[in-house]
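Before I ask anything, here is the structure I am working with.
Going by the order they are written in, the chains are A, B, C and D; count residues from 1 in each one.
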Amino acid sequence: MLERYALIGLFAFAAITFPILPLVLAFLFRPKKPTRLKQSTYECGIEIQNEAPEAQAIWVQFRVQYYIYAILFVVFDIEVVFVYPWAVATNQMTFFWVAEMAIFMLILVGALAYAWRKNLLEWV
Amino acid sequence: MTLHIPLVYYLIVAAALFCIGLFGALARKNAIAVLMGIELMLNAVNINLVAFWRYGSPNPVSNQAGIVFALFVITLAAAEAAVGLALVIAVYRSRDTVNVEEIDLLKW
Amino acid sequence: MDIWSFITNPLVSLSQLINNLITSILMSLGIPADITRIVVFLITGIITITILLLLAPGMMMYMTWLERKLVARMQDRLGPNRVGPFGLLQPIADMIKFLTKEDIVPEGVDGPVHLLAPIVVVIPVILSFAVIQFGVGLGAVDLNLALLYLVALGSVATIGVFMAGFGSHNKFAMIGGMRAAAQIISYEIPQVLALSIPVLLAGSISLTGIVQAQSGLFGLGWFFFYIPIGPIAFLAYLIAATAEVNRVPFDLPEAESELVAGYHTEYSGMKFGLFYLAEFLNTFLISAIAATVFFGGWQGPLVAQIPILGVVYFFGKTILLITVQLWFRGTLPRIRVDQLMNFGWKRLVPLTLGLVLFTAITLPIYRFVMLALKGLGG
Amino acid sequence: MDITGIVAQLVFGLVAVLTLVAGFLTVTFRNVFHAGLALVGTFFGVAAIYLMLEAEFLAVVQVLIYIGAIAVLILFAIMLTRGLMQSETSNINKQWAWAALAIATLFLGMFLIILQVPWVHSGGAVYLDITPFLGTQLLTTYLLPFEVVSVLLLAALVGAFIIARE
């Protein structure tokens, strides 16, 4: 088993060099003429407002809705992780095999239903 | 191939990772960074669990207690991160800071 | 090794030949067996990886050509036709242009993060190619957990998107990055659940196992033809996967009318080229995975006798599915953010969850029917 | 020791050093976003360690959950809590020196104990596709914890929603 993953490891080295190579090539070929205007942050042609604190100028306050979706995602992602070993379990096709996963899923569907009823899934 | 590496190596790496995580949890100011330290500690514990499963169990295929345990620890870590970060966001919204030194209302 | 097996299965035979050749040369030089094994592993590994890494950009370049040509035809235009016959050399011209474009790094970007983001986006896509089975026994690695491995690598892309959004020091990039991340995570769940249905039917997570489980019955054994779950699962997968790689009609993170170009607003030259590469390779991967788990992969007539045909079937099915995705691109308008999120969480997730349970319940029936059909057929 | 063993130890050393360096960067980077990215690197290293222990399912799960979900959750939280972008004068609190001292002592203690104990390697071989066995055990021996996990997740989700919602 480990020999297969050794090849994956070798592949990982190749995968890291693969995107770096064109970047290096482009570095050799491309023109380099930076100007102040060229390097300004893109703002639809308007000059960037609020120059003072460098990082603050472009900061956007995001809505908590993003985090709500992230939590929901984490919970269901873990469920998925349990689905896969269950799907290949050696005692497939018994009644209990289905029932156990059904209970597991129904409890999590409860979570989804809760979020739905509390209108947490609404992207306003 | 696995058993070419002594169990002790894994335990030492896990101990070092645990200590790094503990330092993060104790010494960082930012609440999110503290949570990151806790995640590191949980990872270190998982390495230990899996290493003991691999080296300690006479029949690692039919008794995968270590893997199951690590799986549950990962689940717990996810639940902990979700609730912990929700707390951080809630505190941030009411107090406008995520610095754990400033979140000391209970001291008063 | 007889000549017939060499003709019908040239690639596998060739790799065995190289393997044996290196082994015998090293052995005759008196090098110990374990060093020989490692050297052989390294050489064959490097050859395999080189072939795949040459194949990947080649595929990508001609997919861009196919996309432009096809979409142009759908919209009653001509598409690229200047460089070479039918514009076939256009991708090469494009690549030269990418290489010679100035790389503009705006002021205030987070240097390392800005530079690393396109690299991080490309790495998982390339790594995914390691487990794809292109033909009978033709894949770099045949993992037991291949499908789960692909899913896991797919989820790493979120980090790269975050890095691009954060590192660019630009409002549009940041909003685009956050939107892209939210969209990717929302559609990952239905995607993974839809993929678990072939796993259930085949009782295996390895791509080889799944392909073998679809053998026989002149193609009726393909999981797509397991009425009704097959087609539904395939559609759910196709929609979720398209959303996950931010392609039309789910290209909100780069909705140019509202967000300029999303998280790659501040990317130019080869860095932008890498994002572009990742997007096209992802499209290829989606089609390849769908072809493998729903349409029998390299299965087709006469594969048992002439294994090299498997490659033809695999690529045929994949290119057909790519064309379907390009057809989406040519015809569908972009949907709104709220529609996107609602559709993901309120429709696809419950649907795929129900489908998994339904499949589990009806699994004995399908197994029985398949056995009966195979008994009748042979 | 034969050549396979040397290669295995070299690979292990590389992975261990990368993991620990990434971990160290996680707790020392001033910018929290950078720390989060270093955390992702650590998770990858730990996944590689799982692979070396032949726990392939766990390695894949590590990438899927820790990197694909938990790290993303952390990055979302970082993006939502503003003001972190300015690198503060110091991201380390006043008692860090004491903490470092105590932790160094702790590590030294653990190190000595680990070296003292005569560990027995009784590991049998892992030679086949072990995930189906994992599934079976989850559904039989560990059925109760398996079902409790879903309740835990439900509780965590509802709790996090109530805390985080506007």
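Everything below uses one rule, namely that contacts are C-beta pairs under 8 Å (C-beta built on N, C-alpha and C of every residue); 3 or more make two chains touch, one makes a residue touch a chain.
Predicted model only: the values in this text are computed from it and were never measured.
By number of C-beta pairs in contact, B-D leads over the other of C-D and B-D. Chain A has the Cα centre that lies closest to the mean of all protein Cα atoms in view.
Ranked by separation of Cα centres from chain C, the top chain is B. With centres defined as mean CA coordinates, chain D is found 28 Å away from chain C.
Chain B and chain D, compared by their mean Cα positions, are separated by 6 Å.
For the pair chain B and chain C, the distance between C-alpha centroids works out to 33 Å.
Averaged C-alpha coordinates put the centre of chain A at 17 Å from the centre of chain C. In chain C, the residues that reach two or more other chains under the touch definition are 143-144, 148, 155, 174, 178, 181, 185, 188, 205.
Annotation for chain B: residues touching 2 or more other chains are 1-2, 71, 74-75, 78, 81-82, 85-86, 89, 93. Among the residues of chain A, those touching two or more other chains are numbered 1-3, 5, 55, 62, 64, 66-67, 70-75, 77-78, 80-82, 84, 87-88, 97, 105, 115.
Interface note: chains touch in the pairs A-B, A-C, A-D, B-D, C-D. Residues of chain C that touch chain D in their complex: 32, 34-35, 38, 110, 113, 143-145, 148-149, 151-153, 155-156, 158-159, 162-163, 166, 174, 178, 181, 185, 188, 205-206.
Residues of chain D touching chain C in their complex: 2-4, 7, 31, 33-34, 37, 40, 56-57, 60-61, 63-64, 67-69, 71-72, 75-76, 79, 129, 131. Taken together, the chain A residues at the contact with chain B in this complex read 2-3, 64, 67, 71, 74-75, 77-78, 81-82.
Across the complex, chain B meets chain D through its residues 1-13, 15-24, 26-30, 32-33, 35-37, 39-40, 43, 46-47, 50-51, 53-64, 66-68, 70-72, 74-83, 85-90, 92-93, 96-98, 100-101. Touching chain A in their complex are the following residues of chain C: 41-42, 45-46, 48-49, 53, 98-108, 118-119, 122-124, 126-127, 130, 140-144, 148, 155, 169-172, 174-175, 178, 181-182, 185-186, 188-189, 192-193, 196, 199-200, 203-205, 260, 265-266, 269-271, 273-274, 277, 337-338, 340-342, 345-346, 349-350, 353, 356-357, 360-361, 363-364, 367.
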